[in-house]
Amino acid sequence: MLEVKVGERLAKVKLMSRDGNTVQVKVDEKIYNLDLLEVEKGVYSILKDNRSYNVELVEGDNAKEFTVNTYEESFDVNIIDAETRYLMNRGNGDEDDGDKAISSPMPGKVVSIPVKVGDKITEGTTVVVVEAMKMQSEYKVKVDRVVKEILVKEGEAIDGKQALVIVE
Amino acid sequence: MLEVKVGERLAKVKLMSRDGNTVQVKVDEKIYNLDLLEVEKGVYSILKDNRSYNVELVEGDNAKEFTVNTYEESFDVNIIDAETRYLMNRGNGDEDDGDKAISSPMPGKVVSIPVKVGDKITEGTTVVVVEAMKMQSEYKVKVDRVVKEILVKEGEAIDGKQALVIVE
Amino acid sequence: MIKKVLVANRGEIAIRVMRSCREMDIRSVAVFSDADRSSMHVRYADEAYHIGPSPSAESYLVIDKIIEVAKKSGADAIHPGYGFLSENAEFSDRCKAEGIVFIGPDSHAINTMGDKITSRKKMIAADVPVVPGTTDPIIDEDEAIKTINEMGLPVMIKASAGGGGKGMRLVKKESEILSSIRAARSEALNSFGNDAVYIEKYIDSPHHIEFQILADNHGNAVHLFERECSVQRRHQKVVEETPSPIMTPEVREEMGKHAVAAAQAVNYSGAGTIEFITDNDLNYYFLEMNTRLQVEHPITERVVGVDLVKQQINIANNEVLKLKQDELQQKGHAIECRIYAEDAENNFMPSPGVIKHMSEPLGLGIRHDGYVYEGFEIPIFYDPMISKLIAWAETREEAIERMRRALYNYKITGIKTSMKFLERIMETPDFVNGQYNTHFVEDNMEFLMAKPDYEGDNEDMAIITAFINYTDKLDKMQPEPMKKNMAKNWKDFGRKRSILRL
Amino acid sequence: MIKKVLVANRGEIAIRVMRSCREMDIRSVAVFSDADRSSMHVRYADEAYHIGPSPSAESYLVIDKIIEVAKKSGADAIHPGYGFLSENAEFSDRCKAEGIVFIGPDSHAINTMGDKITSRKKMIAADVPVVPGTTDPIIDEDEAIKTINEMGLPVMIKASAGGGGKGMRLVKKESEILSSIRAARSEALNSFGNDAVYIEKYIDSPHHIEFQILADNHGNAVHLFERECSVQRRHQKVVEETPSPIMTPEVREEMGKHAVAAAQAVNYSGAGTIEFITDNDLNYYFLEMNTRLQVEHPITERVVGVDLVKQQINIANNEVLKLKQDELQQKGHAIECRIYAEDAENNFMPSPGVIKHMSEPLGLGIRHDGYVYEGFEIPIFYDPMISKLIAWAETREEAIERMRRALYNYKITGIKTSMKFLERIMETPDFVNGQYNTHFVEDNMEFLMAKPDYEGDNEDMAIITAFINYTDKLDKMQPEPMKKNMAKNWKDFGRKRSILRL
């Protein structure tokens, strides 16, 4: 049994039986009898009571994170195992406690860093401006902060989710 | 240095130097300076004196056999290493000597086997009929033979290149 | 109103039908055999039902199974595609008996057009020109010889129940008459259980030109002009185009009227095709009617601008045909190339297998109807056609150039395909000049099989790429300590991946 | 005669130009920056040259480098695509000075149309309607206030040298006039080094309707009808269609004539677009001219049946335009959706990254122009548009249904794209009814961002698939002896692979 997280939902999933394509899976209290087949790498064809689902998986940062696309909808799915639960519990403190890394969700280039280490900045202050694909995005602090560390330089190429500036 | 076989040609190939995409390779007496990059799995983009080649590799039965497609032409390429050369030398006897296996190049279904073990058959006799994709193909002997062994049954599904009938 | 359609087919045509269904907000139901569980039509449909083992005689051809799925799924109509049950009169009747709409004609039309001699008589009665010859089956040999002598050689002897070239004999010399009749009858008996044959005038340098027709249940019928289908190998079409390069507006109008008359003679309903055999002087004769959608229907769709599957569904819905003959027109030129999984250099032997890599041609004027995907294993049980490439342009010359461009960039690896052969057809002078008949492939075999000279170093680049790929693989197989000069970033990369990155 | 074309661009437009070149038997030369070594246009071209670092200011925008490659490769012409150097008068001049054909207009046309005030004067002189407003740059504030009061509010203050929404202010209330003028001038000075502004009547509920024109070097010019481009977000077009749902034949004819007059007023040569701002009553005013090919040119190609790139090349070859205005007609309806690598749910933030998996929509009536492929990493340096989907059908209603069908099956994973957003646009009542203007996205944001309800168990299927995939991966990681119940055939499979099958 594993827990699987989709949005706010935490579903308990258990494989009841499996014989080739034929699988029986329990999701929370519901039991599904499926014909499930990986037809391309990461792409599954599922027949559930003859209804056809074409499901594409894209792995995220690790093997437990997925973006899952059906023809109609898209979901962010996380597998919650012991390790993940430990990390979740540990990281589940007050968001404003301790250090916080400002990062950009997308890769790009640092256009400017209008702050310097030691600056006391107020809610809404822009700490870094990142450009990608001809568009500039400003990253601001949501509460009053102090700039602790600046990890990148202006003009530097950055990865998505890379820590750029540490505030406390 | 390795030998590479294309059709009747046996080319001596040597990697002179390599630095990232930039490779220098000697093919027989010709030296090529190339910008060579694997852009998709098994697909390479090569720039040779700014001429652009898009080269697709498809592995054959083993890692030394390739079908290689450029936009314009297609080649069957074999890497000849020590093991291959040994096998080639060993197998290079007279074609009509000893046992010979009749096989189909494509997978399919055995439709009929109009011979039985012990039959003395003359040049051009059909020994097996295979069907694939709505088309029947007859496989014949090219010289007079004796049927030694029949390895498949009528109606049986077969793989490509699988031995079907042994004649001597 | 049709709300759910069962598509009793597989491959590209199943997907093509489902696409139009989706656009009409109609749900689609797929059926599949053992070999087709991973086929695209199963993934594409709203619902999918297993109907048995791989051989089509045990799945796609079993009427009971198809009907059972239709009932279970609540499908109110069945589209048969082409091939399989599409020209099966019993199936059409059975659907009707079960209260399911058959998207196609009734059994009367299928039966009448399915028998060569019956359809011939019908056409003569409807003033549609037929190939000079006999209308009654011939049993008596003396009578046959007399008829042939009256008609004049060459003649064709054909099995009444025949098709696919079986029970057919061309007679050019008087001395061959008797042996040919006997051979044809014996072959016909073996193949179709019926030794009746008939005799037709043989048309030299024939063109295969067909007309698309649409007829509704209210007596309205139109034609959507011709398709030239003379590029054939082993009696199978390889390239089709519209308009025909030999057609004139006058003959087109006349042939179109005859095509409509042919359909109306059997109270036809739905989409159908009238095939004419045509000589170099544009004398034309009714050959047969295909009472279903054709493989090559997209070239008509492109040039006339009509979705033929939607028209079929509308007609099946008892709607009145909205198309008017005098409003229909051909715009530009379209060519279709059929891509087969086959080895053109080895007598077109089928080449099933696993698709390794695909690059589909796209862009202006290109339509691509296919069903295979990377990693898909083409089953050995069905037709080797894997896709159809349709090129449209303002002129025939430009359409050929566009087709060449598209074929140049179209790549399917892992199996042999007919693409290079098709590229050569597009370069063959007889084709480029529009001067070809059904002997085209035969007459041009040498040119078609010759390898063109290319400038540049394709062969050396192929050698080098294989060499680099092989040595890189060898290198990756070495145990870690044996590897020297590993760049630092490669190590980091490896480390990064080791955290459960499978 | 042009025999080799350097395409001074990247992405889908570079490939689109190369396709037409190949059809015309013209060799193509690609240029690429560091970030684009693996880009499809490099793989697609006959030749490819590296021109510098990734930022376009150091590669695609450097005239000297492009010219150098043209000379080195022996290209006799340069196609600039759109963006980059396509509307750069200096580049056009430089090509001419170097004896290379610039496939586009001369610097006079580019300069005249590039300056809002100059082009406005030209249009007034040519009797092309312009938005009521000033023709001279305004420096004096009092004069500005007087002019605005005469014109009546609301008005728009715009930078003379401007573009992209910078140096622009909408004034609705009298009290805002002075502050708006000052703000616009200061922004204009900062952005363009020039603080001249002008004043225009503000058109409420405006439509962006543009006309495609073609003009040769011999005084001939035609228009190829309109494109409706009012579906925009952040002043960028997202969906375009032709014909415009609000157009009438009378207005179309009149606008077309004005579009041709506008082009001829600057002795235009090549393909260009006249943009009109149009109100709900079909009053229309010249806005600007784009002196290049537009992103959305394929919808015109589809409905009119003309290859615009080939026309550009023919014109650059000094050929006489073969198209005649009275022979041109619109057939059916075409819609284009631009697919961006962006997160529509997160304020359309760009989403570069690596393409993991793609399924492209195909079939009847679909054209797809793209450049990304599986495994390709979209660079962060350029425009986020990754492909264009064009749907054609006989009617607008059917074209929308076809576009929905195509978007439904189109999948690109690994990055966020605007596909779902586009699917929602196709379902938005204002769009479906053809009643929309440039406020469309804003006005319908709630509907566009809402998630539709789907029947079925998509979410549970997503959960199960991820679960199965994860546990299968875990299982494969177990060392061999720990695995129980291994099926025999799996063992055989493993053994088979071990013979140097890497």
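Each chain gets a letter, A, B, C and D, in the order it is written, and its residues are counted from 1.
Simple rule for what comes next: contacts are C-beta pairs under 8 Å (C-beta built on N, C-alpha and C of every residue); 3 or more make two chains touch, one makes a residue touch a chain.
Model, not experiment: these values are computed from the prediction.
Relative to chain D, the chain whose mean Cα position lies farthest away is B. Simply put, of A-D and B-D, more C-beta pairs touch at A-D. Distance from the chain C centre to the chain D centre is 38 Å, each centre being the mean of its Cα atoms.
Chain A and chain D have Cα centroids separated by 31 Å. Centroid to centroid, with C-alpha atoms defining each point, chain A and chain B lie 47 Å apart.
Multi-chain contact residues of chain A (touching two or more other chains): 40-41, 51, 63-64.
Touching two or more other chains at once are residues 44, 373, 408-409, 473, 500, 502 of chain D. Judged by the touch criterion defined above, the protein chains form a pattern that is neither an open path, a ring nor a star, and not fully connected either. All chain pairs in contact, by the document's touch criterion: A-C, A-D, B-C, B-D, C-D. For chain B in complex with chain D, the touching residues are 21, 35, 37, 39-41, 45, 47, 50-52, 54, 62-64. Those residues of chain C lying in contact with chain B across their complex are 341-343, 346, 349-353, 356-357, 380-384, 408-409, 411, 413-414, 420, 451, 454, 456-471, 473.
Put simply, chain D touches chain B in their complex at residues 30, 37-38, 42-49, 72-73, 373-376, 499-502. By the touch criterion given at the top, residues 2, 4, 6, 9, 11, 13, 15, 23, 25, 27, 30, 32, 34, 36, 38, 40-44, 46, 48, 51, 53, 55-58, 63-64, 66-75, 77, 79, 105-109, 132-135, 137, 157, 160 of chain A touch chain D in their complex. The touching residues of chain D, counted against chain C in their complex, run 15-16, 19-20, 22-25, 44, 298, 301, 305-307, 331-332, 359-360, 362-370, 373, 393-394, 398, 401-402, 404-405, 408-409, 473, 476-477, 500, 502.
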